[in-house]
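Please find the structures below.
Two complexes follow with chain A in common, the first pairing it with chain B and the second with chain C.
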Partner chain A sequence: MRLTQGAFSYLPDLTDEQIEAQVNYCIDHGWAVNIEYTDDPHPRNTYWEMWGMPMFDLASARPVLDALQACREAFTNHYIRISASDSEKGWESLRLSFIAQRPAVEPGFQVVRSNGPGRQINYTTRSYATDQPPEQRYRDV
Partner chain B sequence: MSDASGPTGPAAGPVSIDLARERAESGIDVYLAELDTSLIGLAPVKARIAEIASLLLVSRVRERLGLATTKPTLHMSFTGNPGTGKTTVAKTMAEVLHRLGYIRTSRLITVSRDDLVGEYIGHTAPKTKEVLKRAMGGVLFIDEAYYLYRAENERDYGQEAIEILLQVMEDNRDDLVVILAGYADRMEHFFSSNPGFRSRMAHHIEFPDYSDRELVAIGELMLREQNYRLSPAAEATFAEYVALRRRQPHFANARSVRNALDRAKLRQAERLVNSGVVSVEALSTIEREDILVSRVFDDKQPES
Partner chain C sequence: MEPTERSAEDRYKSGVMPYAQMGYWQPDYEPVDTDVIALFRITPQVGVDPVEAAAAVAGESSTATWTVVWTDRLTACESYRAKAYRVQPVPNRDDQWFAWIAYDLDLFEGGSIANLTASIIGNVFGFKPLKALRLEDMRIPVAYLKTFAGPPTGIVVERERLDKFGRPLLGATVKPKLGLSGRNYGRVVYEALRGGLDFTKDDENINSQSFMHWRDRFLYCMEAVNRAEAATGEVKGTYLNVTAGTMEEMYERAEFAKELGSVVIMIDLVIGYSAIQSLSNWSRRNDMILHLHRAGHGSYTRQRDHGISFRVIAKWMRMAGVDHIHAGTVVGKLEGDPLTIAGVYDTLREEVTPQRLEHGVFFEQPWASLNKVMPVASGGIHAGQMHQLLHYLGEDVVLQFGGGTIGHPDGIAAGAIANRVALESMVMARNEGRDYYNEGPDILRDAAKTCGPLARALETWGDVTFDYTSTDTPDFVATPTVS
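After this line comes the complex of A and B, so read on.
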């Protein structure tokens, strides 16, 4: 099941050229650019791991593309996203976030229904991938 | 005229290109003309900038026609004594390179050894890389670049910064222009000990000392930009000042002129305030005495 989170996630995966164009858009607005990765795609997992520090005050997309490449090499089968934050209002607020890499196979989510008192049903989602401990998720299939 | 935006590839492309129109559309001539009036003298430097502009214009067209394989390398060295306009021209260069589409922005990041080299093991690489990240897409101006290399200490962390710089200058040709600046003789020595740098420099531009006449003209221009002027008597005194100042220690060409004028403005202000009611004209006029009280006219040591 294809993960849809952030911007453009209903489109085919962005090419590197398209990623570069998005990064240029961010830096032309003066936004700081972050690279984040995870192997826990639950929608409530808001804070992914950061690959290096946020990159502030860039004039070229190149440092971001280089960092993305390094992150892809280190985590070949993780989700990687690029996010951009805007400090214009005096605090950093997220302006854009999109997926820049996804695992080859995405097992998706299970809906778990549990019976509560008075036949009330509680729903929750769990990711099949996180059944496995961290190093064993999304291994090449 | 021919259509330059047609299909690419040498065979399918147009027969001729209207370079004059390309040039006009880039707006570069207007900018170069402005530059000509805002910078006194520096004829050889201006000629080099114009040359580089032509090169970029042609290479841009060649790229569009599928004739160019790589962008030209544009790392440069600027050599000359202090105050000869190296930093000022670097700003201009960033603007020209940006207007001709060579770099994404006209950003100029000015650094020296301390911004690149760390104080302990493992400190230098992240520091240099951080600077490079910010400089990409613009110009990195390394002032007194030769301080990166210390021959007397082979474990000096500067060597690490040098290696990272060389690597990036090689890889990221299109994203970054590095300008090394400093005294000519020390730079020469630096290049002989670091041939890798010399071979990556596409242009060596020399900044000669200004003549007395040029320095006076620079002073007058600086004043004009701030809505001041020299009275006719002050003009003659200022010319004398420049000739004397040159022979004293710590002379720094146009920078000495700027400093001298800043002090003259202070003295003028004090003189005006002490005289009560003054004409509007007087507010903008530097008089002979504002310059003459300078210690340069004594036989003592020069000011600052």
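After this line comes the complex of A and C, so read on.
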């Protein structure tokens, strides 16, 4: 499967040049840029691990691209996303979020059903990747 | 017409007196910050003085009746009288006037759209001396706004819950509107969501008919939602329409949607303002996004001479507290002048809606931190218009392609993919600083090179447009004469 979280997952994976253009868009709006990574891409896993602190007051995209490169080297087979935070009153949340790296093989998710009364079914979405303990996820690819 | 100073004895003598002389016309009145202000378009009957007509509207929408009553004198009647304070001819019309009318805050019960509207659009729209009457805009004072809770979720929190940022959301209404069984209906939902849409939607008249019981629909739809979430790793939703004949039935359906784990429920405007406020409260208690379909509004919002402007309905719905509202597409099949629609979108999404006469917005409206409402653009739109949609409607909007998804020659999922690829490529181009509005067709063609479904969509619908003259357009002069 292909995880389609983020703003651009239906397009071919972004080149570094394309990532730089998006980061510049965020900088032009005065947003802080954050890099996060995870090996558990469950749709409700809100808190991916932070790669350092969000970067405020950026003058160029360079520090983001350098940090992204370092994160990729440390986690060659994880998901990495770039997000931008806007502190404007009335928003104070993310303005953009997109995937900047994905593992070579994405095992996807299983729907687990439990039958209830009146034909009611309770659903759970289970990530195949998290079947393994953290150090063994995405290991053989 | 000048208001007349009268002695109390003279003013309250039994009989009939022009409204303007009863205190409802006060050209020197300066509205205060806590006043509710309404702007009416008045078409008096031939021979009726426009100022007297405006005073009559003020009177009939506040304390007056057709004759003098002595019981006025038992009250602080001067503060309860609405005051028409300005009348101006409508630009380029010789039979219509704009009238500004101020209402004291104490005329209205807090937190009740029903009470507000019972005054403002109560008796007065059937008043004989007027040929026609339209409520064009209102200024709601912050003091009154603070008695409403507003949208239970709002744009920002909706995005946080869905984990979707930086692009418009995508939806589709399941078609055909009527007749699908629950099982077939869920198929459409599944294909559209796994293809790439964020939401699917019940249509306004899908409730619980002979061909599909509501419980059946909810169960099959949630199977589809959960399968699509697993197939994509994204949060998905389907607007489960809980509209029914009674509040009890609507609560029952909403509770069931909650038990099944739906992130969103839906209601129709025709259930009424109080029912909307009740379901807004329910949604706030249950962390549910509340989608409103504006079924019925065209019967009173579309004609410029009579009724209520949709921008006023939008304002009331932000107060009543809905998270989504259908608000026009500009380029689709339904009524939608671009400037008028910009005024409605501003009303729903801004922290402070600025006065813009060219958009039909007569008053600056601060929103006092009431959540923002996500506008929904639905009706006759397709992937080939993506650059126009992004340009006119912006980023915080749900773009709903019903026919433009389900009618795709290669199937529903292909239609969804086409829409999502068109959207993402346009947002990416915009963020890169490209002139996406003018280069839009090129951007779409480039994206279609690596996306067969988009290529097919452009072949099928690329040239479809709905180019008709709009009925509801603002009347304004380039040099505003109002404050």
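We take it that the second predicted complex is superposed on the first by the 135 of 141 C-alpha atoms of A that agree within 3 Å, B and C clash if a C-alpha of one lies under 4 Å from a C-alpha of the other, contacts with A are read in each partner's own complex, and residues count from 1 in each chain.
Going forward, a residue touches a chain if its C-beta (ideal position, glycine included) is under 8 Å from a C-beta of that chain, and two chains touch if they have at least 3 such contacts.
Since the structure is predicted, the reported quantities are computational estimates derived from the model, not experimental observations.
Superposition of the two structures on chain A leaves chain B and chain C fitting side by side, clash-free.
In the superposed pair of complexes, A:Ala7 makes contact with chain C only, with no contact to chain B. Within the superposed three-chain model, A:Met55 lies in touch with chain B and out of touch with chain C [touch as defined at top]. Partner contacting the larger number of chain A residues, of chain B and chain C: C. For the three-chain arrangement built by superposition, the Cα-centre angle with chain A at its corner and chain B and chain C at its ends equals 90°, in steps of 10.
By the touch criterion defined above, A:Pro63 reaches chain B but does not reach chain C. Of the two partner chains, chain C is the only one touched by A:Ser93; chain B is not. Here chain B and chain C sit at a least CA-CA distance of 15 Å once the structures share a frame through chain A. Overlap of the chain B and chain C contact sets on chain A: empty, with no shared residue. Across the complex, chain A meets chain C through its residues 1, 3-5, 7-12, 18, 21-22, 25, 41-44, 46, 83-84, 89-98, 108-111, 118-123, 125.
Partner chain A is touched in their complex by these residues of chain B: 103-105, 107, 132-138, 172, 175-176. Residue ranges on chain C touching chain A, taken from their complex, read 156, 159-160, 163-167, 196, 215, 219, 222-223, 226-227, 229-235, 259-261, 351, 369, 372, 417, 420-421, 424-425, 427-428, 431-433, 447, 450. Within the complex formed with chain B, the chain A residues making contact are 24, 27, 55, 57-63.
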